[in-house]
Amino acid sequence: MEYIYASLLLHAAKKDINEDALKNVLSAAGIEVDEVRLKAVAAALKEVNIDEVLKSAATAPVAVAAVPA
Amino acid sequence: MEYIYASLLLHAAKKDINEDALKNVLSAAGIEVDEVRLKAVAAALKEVNIDEVLKSAATAPVAVAAVPA
Amino acid sequence: MEYIYASLLLHAAKKDINEDALKNVLSAAGIEVDEVRLKAVAAALKEVNIDEVLKSAATAPVAVAAVPA
Amino acid sequence: MEYIYASLLLHAAKKDINEDALKNVLSAAGIEVDEVRLKAVAAALKEVNIDEVLKSAATAPVAVAAVPA
Amino acid sequence: MEYIYASLLLHAAKKDINEDALKNVLSAAGIEVDEVRLKAVAAALKEVNIDEVLKSAATAPVAVAAVPA
Amino acid sequence: MEYIYASLLLHAAKKDINEDALKNVLSAAGIEVDEVRLKAVAAALKEVNIDEVLKSAATAPVAVAAVPA
Amino acid sequence: MALAMKAKKIADWKIKEVEELAQRLSETKTFIVASIEGFPADKLGEIRKRLRGKAEVRVVRNTLFQLAAKKAGIEIGELERTLTGPNAFIITDKNPFEVSIDISKFKLKRFARPGDKADEEIVIPAGDTGMQAGPILSTFGKLKVQTRVQEGRVFVVKDAVIARPGDPIPIDALAILQKLGVQPVYIQLKMKGAYQDGVVIDAEQLKIDLDSYRNEVAVAGRNSATLASEIALPIPEVLKASITKAFQRATAVSAEAGFVTPETAQAVFSRAVAKATALALAISGSVNLGVVPAQ
């Protein structure tokens, strides 16, 4: 999921998700970048409206039971 | 959620999630880092077993996006 | 919901939820206070076990809503 | 969660959520304000569309009728 | 998702899912093939037991309550 | 499901789903085409708004109990 | 002469009552107006007893109450409209909503009258009814209650349910229930309004639906939890929710993008199969592909 987390990070930062940007983020996390995967993610995400997907992604069962008051 | 994506990225890379590492990742994504949040998130995450959380997230009903292809 | 959030704030601060306390909080938020609601909320919440409700709200089956775009 | 309750109070009242406003509300509830947390929460909330976030929370069915008082 | 549908098609036909086979199917559909994505998908699928995945895909609660917004 | 996967492939590629196109794709996957089914699927899909159906795929409780491989 | 004397005496008594009431109202500054029309006097006594130490229930003529309020400097405003018909005045120094919630929680019961519906299950218990055998036996028969006669009295053979909550109570049962002391109908004091220290509360406002308050607290709690996890409020429990969200979002994005890795394969194929299944179902009316909808 590293490539996806990196993409979401860029998306959250309102940056363009391209190979260079992904590479920068992944490298900064100490991840050795696989060029094939990198290209594949960048290409696949071009076809996806991330905002739409995030909006409709499930809202997690948020547990607050143990949140200290 | 940037701090969380960055943390999960480090986690996926099996790196320690600390202030410096988070800062590196966030900066690489072009995100201006708020030192206070950084400290607070890093400290709070020390008390979270991320593997456990991801495990239960993964077994939760698969979240699917209602997005046209 | 302002009255409820104000009440939860007092509850989190382990303060008694009474008319005066609610009025203070609401006024501090710049909200003009409706005396009747103030009294109603203070009385009604005496009958509500806030901790229980928050707990069950958190653990209730949160069905993963697909928010339409 | 006090900072969140205070923020939602301001939001429900259609007031601007900033450090001063939060401080006012928290103090009125008798909560001693931690400047660092205050700044962090105010900054984080600036990045979020609260209405959107609440919309996704609102779609979850809340059923608590049977909670004993 | 084209690469995935093509993979599922080959799987349903009990054919080996490799670069050439995928390319054939995609081309037959009039899709211009991206060599990198092709490699990435084929490589990833080598590590995945599609039968297993489909089995749990079928039984997993794929979809989640249709909660109106 | 081969006919469906082939249809989705064409749909994802924004191609018209007709008998010839389906036949091409299925053949490329090494699937022997059943002319009757082919006609039936092509005709039936003409009546369906595929984008709408895919959108609802996320929310409808879909299980795939009896899907032949 | 004698007539005038008598009139003056009554006036004295009235003046005393008004003064005393005015004194009380100026101390408490709080009261509830409740209708006691058709309300059994003994039940009012029960309410009085249960509110002891918290509120005082007085039955006062409307005109006298009005005078007393005026004397106490109370501007009753809108409540003036409630001062018709027989009323009780519940005088308290507590939040009037608290008192009205208390009152609405009291389960007061009365004997059934013709046309009543049962508020709870009505059971005629097995055993000695204490009633002399006679024509009453046929009434038991009509109600399908099995009886036998022993020592000249009617015995019920086994517990018999003659009405469930919401059922009309059989008119034949009324006399029997009365003799057995069964009071199956709930009564509520009808509160018409309240006043506290310058604030007038009307009947509608006075009705408190506690469930809706519980619900609002739950919604507020959920909203807070959602917002907290969205901004990754640095509290470990909240961050767990944030991580779950982030993971689910990443999964959804992988699935939608068709980005396969061993980790995402499940999500990707589930998504593709879900779409294929939905499409197969959509045309299942004309083409049977062997896909069945799930329950």
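A, B, C, D, E, F and G label the chains in the order they appear, each numbered from 1.
Following the convention adopted for this analysis, a contact is a pair of C-beta atoms (placed from the backbone, for glycine too) under 8 Å apart; a residue touches a chain by one contact, two chains touch by 3 or more.
This is a predicted model, so every value here is computed, not measured.
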Most distant chain from chain B by Cα centroid: G
Furthest chain, CA centroid comparison against chain F: G
Rigid-body rotation angle, chain D and chain B, from Cα fit (steps of 5°): 145
Intercentroid distance (Cα basis), chain D paired with chain A, Å: 27
Approximate Å spacing (C-alpha centroids) for the pair chain C, chain G: 21
Separation of mean Cα positions, chain D and chain C [Å, integer]: 11
Chain centre separation in whole Å, for chain C relative to chain B (CA means): 31
Multi-chain contact sites of chain A, meaning residues that touch two or more partners: 1, 5, 8, 37, 40, 44, 48, 52-53, 55-65, 67, 69
Contacts with 2+ other chains: residues of chain G: 210, 214, 217-226, 228, 230, 232, 234-235, 238, 240, 244-252, 256, 258, 261, 266, 270-276
Chain G-touching residues of chain C, taken from the complex the two chains share: 1, 4-5, 7-8, 19, 35-36, 39-48, 50, 53-54, 56-58, 60, 62
Chain E residues touching chain F - in the complex, by the definition given at the top: 1-2, 5-6, 8-15, 21, 24-31, 54, 57-59, 61-66
Contacting residues of chain G [partner chain A, same complex]: 221-222, 224-226, 228-229, 235, 237-238, 240-241, 244-254, 256-259, 261, 263-264
Partner chain B, residues of chain D touching it in the complex: 36-37, 39-40, 43-44
Chain G - residues contacting chain C, complex: 95-98, 101, 196, 199, 201, 205, 208, 210, 213-214, 216-225
